[in-house]
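Chains here go by letter, A, B, C and D, matching the order in which they are written, and residues are numbered from 1 within each.
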């Protein structure tokens, strides 16, 4: 299982804060993003346009980053702290 | 009478904080500085080398500034506030 | 008390500066940036703000900013506090305190810290306006 | 309480910032410079400091700096407090608080204010070192 988290506007769009997605073996973040877009088509606008950052276990990740069972992946819309 | 004030290191050098110097009619700051150097030769080093600023009635002045009876002239060594 | 924190409660600037000053007698300059809730943003009248953060990662990024600041600038200490939750107009949002021997280093470093905070820290602002609630997207 | 002051007593940074913040709801950034007594200066170990000012003229110059800052920078309020008399290592010497809508203006203005203060304000620092007392001449 990969724990997938949505923050701020993405949480509102998806209507969930956390979903658990089963993965078998190692996959890339790109593969996981495809699964997420199947489950939540409203994520396409953000993921296709890269209007977000993605973290894996709280570190910034790229589409090539390898995801494994037990990881936490978070979809992070543009920041507005400070 | 012109009230002449010395600050910081100049006060220590001259040994006085304030002296009253009689002036007759209007004179320039340059004339007053000559009088001050006569009275306190230790001021020459600062005045000849312009290692100070001079104020007349609390505004910065030049050697051409006109001094009249009742004015307050202050000799201000390099600042070190802040 | 940690030198970088994310918290719901307001902070005392005197207390944060005191904590920073205690770390070194060589400190001669302390530059502070305080972000506060403005009443107008993008032409809209703001009624209030709410900040959300990615707990754990936000704190980690703030610690990273502090460590890089201490390494790359000639400064002696850096503290960062960011509030989350509901924040009213005029209230404190974020505080950055940078201490150094000489003032130029503290000014440069403090500016860098707030820019970097906005760039890499997973914190989001929601504005409550007359037209509704808006998640602000400042740094794509 | 005046927005520019010369005083013997210490100041509270929270109180000064609060006073500044109260002047406008448009304030989104507050940049503060705090000067403190360092333990080492020009290679000498400092035991303490004493500041002297030209009463009246110093206050006038601080007010002039505030007025020019408000006129020449895009800032909303400026406060300046400078202490005089004996000041120990680690103690506060000077505080400049600049508030603006956006942070860049406050940073630029605050840096200008402290440079200008050092340049034109008749205030002098005496350092007490192991070798004796020295009047510091920083800005000829």
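Definition applied: a contact is a pair of C-beta atoms (placed from the backbone, for glycine too) under 8 Å apart; a residue touches a chain by one contact, two chains touch by 3 or more.
Treat the numbers as computed from the prediction; the structure is a model and nothing was measured.
Novice: Where the contacts of chain B and chain D overlap, which chains show up?
Specialist: none
Novice: Of all the other chains, whose mean CA position lies farthest from chain D?
Specialist: A
Novice: On a C-alpha centroid basis, what's the spacing between chain B and chain C, in Å?
Specialist: Those two chain centres are 49 Å apart.
Novice: Report, in whole Å, the distance between the mean C-alpha point of chain C and the mean C-alpha point of chain D.
Specialist: 23
Novice: Rounded to a whole Å, what is the gap between the Cα centroids of chain A and chain B?
Specialist: The mean C-alpha positions of chain A and chain B differ by 74 Å.
Novice: Residues of chain C that contact two or more other chains, please.
Specialist: Touching at least two other chains: 35, 114.
Novice: Would you pick out the residues of chain B that each touch at least 2 other chains?
Specialist: In chain B, no residue touches at least two other chains, as defined above.
Novice: So which chains end up touching which?
Specialist: A-C, B-D, C-D
Novice: Spell out the part of chain B that touches chain D in their complex, as residue ranges.
Specialist: The touching residues are 5, 7-9, 12, 51, 55, 58, 60, 74, 76-82.
Novice: For chain D, which residues are in contact with chain C within the complex?
Specialist: Within the complex, chain D touches chain C at residues 12-14, 17, 21, 25-40, 89-90, 101, 103, 106-107, 110-111, 114.
Novice: Quick check: in the complex, which residue numbers of chain C touch chain A?
Specialist: 35, 51-54, 56-58, 60, 82, 93-94, 114, 117-126, 135-140
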